[in-house]
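In the two assemblies presented below, subunit A is common to both, partnered first by subunit B and then by subunit C.
Up next is the complex of A and B:
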């Protein structure tokens, strides 16, 4: 396996609101290797975005609070940084692109002034040189049109703006790019172009990508490894081929069954029954139990740990796999040892 | 809106063309504003009135044959004529000269009072909206307290404390208008700080202060400008009101409100001493209101397609 770049360990981000504690992210472990593209999948409200914002240090605190765990980037613990150090990390080591390219650019400034600002935030260069770098960054993402730097965001299409956002994110050559549903707001042809572009940047620059999405099609195209999240926890983690061929967790199976198949005739599109649990009142047992087809007695009583499936690097948080392999994952065991 | 890609096959390799859409006609937002400005009748009429008054205030006094305080005991309370276009007042001063000079005072007071309340109000609103929590509570309660008083009453109280003079009237008017801009700015900031581009700016490592002044403030100017134009009219009226009560401009300054109150006894015998300064106030207020209304329509983001 490649060298680890990002390591999230037992990370908990809770929100303390007037109505109670919202456990948005409740003990997750995710690693991203150097040059790797990792997919983070889950339905709305499962904690994907809070995870990505936590890695950027952009969760407002309060109401947010890191309850436990740590986030390490190339061996540096990010959860202990002060505001000034965080600003050094953001944009420089980790960059982020957002879901809505239509609103992620400031409408009152030109593309050029925003890109130059982003460059000069982290690099001590003059305006002229920053301008040249901006032009080069835009060429990298396939925009070579003259004069684009003098245009305003409203003059560009959604796909173009997302390219500008990617160019802006890549301009300081970050080690990690967090893409929070980068193609959700784009139509399918533009989506393919943007994914293509991200893959090329990953290949050519070696930038690791944490791709957050609820679109399994995008995952299949892009990622080498996939982490499935449900209700603030990781429920399954494996490489992309195993995920589609041999999913273990009932939730993942449900997700895969809800993809319409072009080659099969089916009566009605499958959907997982029920809703995501209220984050203020999580079920005591397995968080997926109320919606699960395979629910057992034990599922309602205690939340399963991540079990390692026979194959290496495949984990599933489900009691079904308790029988297959009695042991918990190495990682869980190590933490117990460290914790005791 | 989700565009779920349903196909699991690899995407068709596209050569990533430069999806250059046809360039919009207007290269800058300012160009757009200008085009809709000249289409808006009320904005143009308002602007013409305001600019005329401004021009008269700046260069008018240079061409007057009489000074605004030139007393002539032989021609008291004369009706308008070719010699004295607006007639003369009880001291034989030329009303035309006084009205023209009064424009300077009114615009001056309006400009400084509005600028002052915009600067102070915007800063406070910016802080309250962006930082929230106790800063917001503190600033918003101060605004509430100021708004609890009827505006002119508060202005009178402030002038009473500072002593009657034009300058103090200006401060008083600025103070009572601060909450208007403060609350407006606060509401804009609350909306804009949720925008993705603010998050994106944070994500590239920008400082709070820079985000405030570089990203949030420039996106909040429009309503402040409109409100500023409308409040200019209010400030002119308030200055006249304070002058009328003897709390603003002191004699012999040719302030319109003061002129109105001085001419009260002659309302029947020499109505011109009252009609002309009164009309001047009305015209100025009308001009700024028309301009402000027009600007509001033009700059309203909902009107843009």
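Up next is the complex of A and C:
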């Protein structure tokens, strides 16, 4: 197994609003290894984006508040950094690209000045050298057009802007790149190019990527491991092959069933019934219970923990897998007895 | 834009001026003048011609740079208006600088510390600023700073006892050209109080516009991108946000500057500031048609020019705006 780069442990980010506490992220554990691409999947409003912004320290506090847990990057606890230390981490150790390339670049500054700013924020280099580095970074993402540095964002297409965003994110060679739905706003052909580009950067530079998406197709193409989130919690985590072949959590199954398939004729595309629960009034039991086909008595009474399934590396937050965990703990207990 | 606005302005001022009740000939000659004398004077001033002919004569004059001759002083308006105009422009500029500096920083502070006590305080100051009557503020300033504390002079542009020769009618410029720092300092002391009185309302408007415009930009995606790069809060506010929030603020600059030029009459009267506001005000009392018409036309002209400059500045602030291309 690779060395762990990012480790999110029992992390809770709650928002204290006038109308009550919104538990946007409610106790999640996610790890990203060095050089690994991990997918973070879930519906809108499940806490994906808040998770990613928390890792960047970009959640405004207040109203946001870290209630519990840690976010560790290469052994350094990020949740305790002050504003100045955060600025050194952002853009340098962790970089981020966003969903909307059309609005993510500042319209009144040239591409060059925005890239040079990113470089000189973290590297003590002169303007000329920064310019060269910016050109180099743009070449790496496939933009070699002369004079691009003097152009303004409105002169570029969406795909080009996302390339510029990636170049800008990669310019200080961060250990971790967080990509928050990087291809959602782009055409399908451009999507493929951008995904290709990210995969190449991952391979060549060894940058770990936390890819946030609701597109399982993108996950299948890019990631080695997948974390599925629902209502602020991780509901299933496994490697990408197992996820598609043998999903365990009913929510994941529902997600997979709602992908249109070319080889099967169906009248209507499947959709998971119901809606995401109101984050101010979470169900007492399992958060997915009101929408679940396999709902039992116990599901309505208490929220299941993450059960380990069969072998390592596959967890599911569902009472259906309770027995399998017991098996695990029984074995552990036997081992303990044998050991003593 | 410029030409139609000026033609419109000339028609409006001409009509309004001639609609003012009262006869300039009678105003000049006094109540006891004989009807013959009044008729003769009217004849010589061209007031007995049909309105339309009077208007065309007036426009013809403007085209040739002739703004008419004052009925009272008998000097051409174009000759005597210079010092008044310069005085008003100097005062308006000073007021605007104060308004921009304090207004923008107040607005930025309020936006930065959004929904905190600082924000509320700044906005209360802004509301008081728009609500305070200029004449009251001016009198209070004179009372406190000129009379009670004696820190600053309460009227005039410069101490009349100073041996100061003005060339351009812009005192600060003259003082700098002549290297006369004492005169510069003295003029500065004189301008502070009226400039504050005049600048308070625009300051409040600018503060409010800056705050709302900044707040809008601060929640934009590219500001988040800048934060994600690790840019400091100061640069985020003053570079990334302000530059984008600047266009609506710039519009307020232009409009307020125009209002200052025309609206300085009260301030000029309170502080005995020999500006165009007082010049026109006295002309209205005397039914001095050419002075009223030309004075108002000049103010309108400057207003239009300032807004033209503002339009050109848009393109400089925002590269997406380009004139004459595409």
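Here, the second predicted complex is superposed on the first by the 326 of 340 C-alpha atoms of A that agree within 3 Å, B and C clash if a C-alpha of one lies under 4 Å from a C-alpha of the other, contacts with A are read in each partner's own complex, and residues count from 1 in each chain.
The rule is simple: a residue touches a chain if its C-beta (ideal position, glycine included) is under 8 Å from a C-beta of that chain, and two chains touch if they have at least 3 such contacts.
Here the structure is a predicted model, which means the values were calculated and not measured.
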item	value
Fit or clash - subunit C, subunit B, common subunit A	clash
Which superposed partner A:92 touches (first subunit B, second subunit C, both, neither)	both
Which superposed partner A:183 touches (first subunit B, second subunit C, both, neither)	first
Touch count on subunit A, higher of subunit B and subunit C	B
Partner chain in contact with A:117 - subunit B first, subunit C second, else both or neither	both
Footprint overlap on subunit A, where subunit B in one structure and subunit C in the other make contact	56, 58, 86-92, 95-96, 98, 100, 103-109, 117-118, 121-122, 152, 154, 165, 168-169
Residues on subunit A engaged by subunit C in the complex (per definition of touch)	56, 58, 83, 86-92, 95-96, 98, 100, 103-109, 117-118, 121-122, 152, 154, 165, 168-169
List of subunit C residues in touch with subunit A within their complex	220-233, 240, 243-244, 317-320
Subunit B-facing residues of subunit A, complex	56, 58, 86-92, 95-96, 98-100, 103-109, 117-118, 121-122, 142-145, 150-152, 154-157, 159-160, 165, 168-169, 183-193, 195-197, 214-218, 220-221, 244, 259-260, 262
Residue ranges of subunit B in contact with subunit A within the complex	1-8, 10-14, 16-21, 23-24, 27-29, 195-197, 199-207, 214-215, 218-219
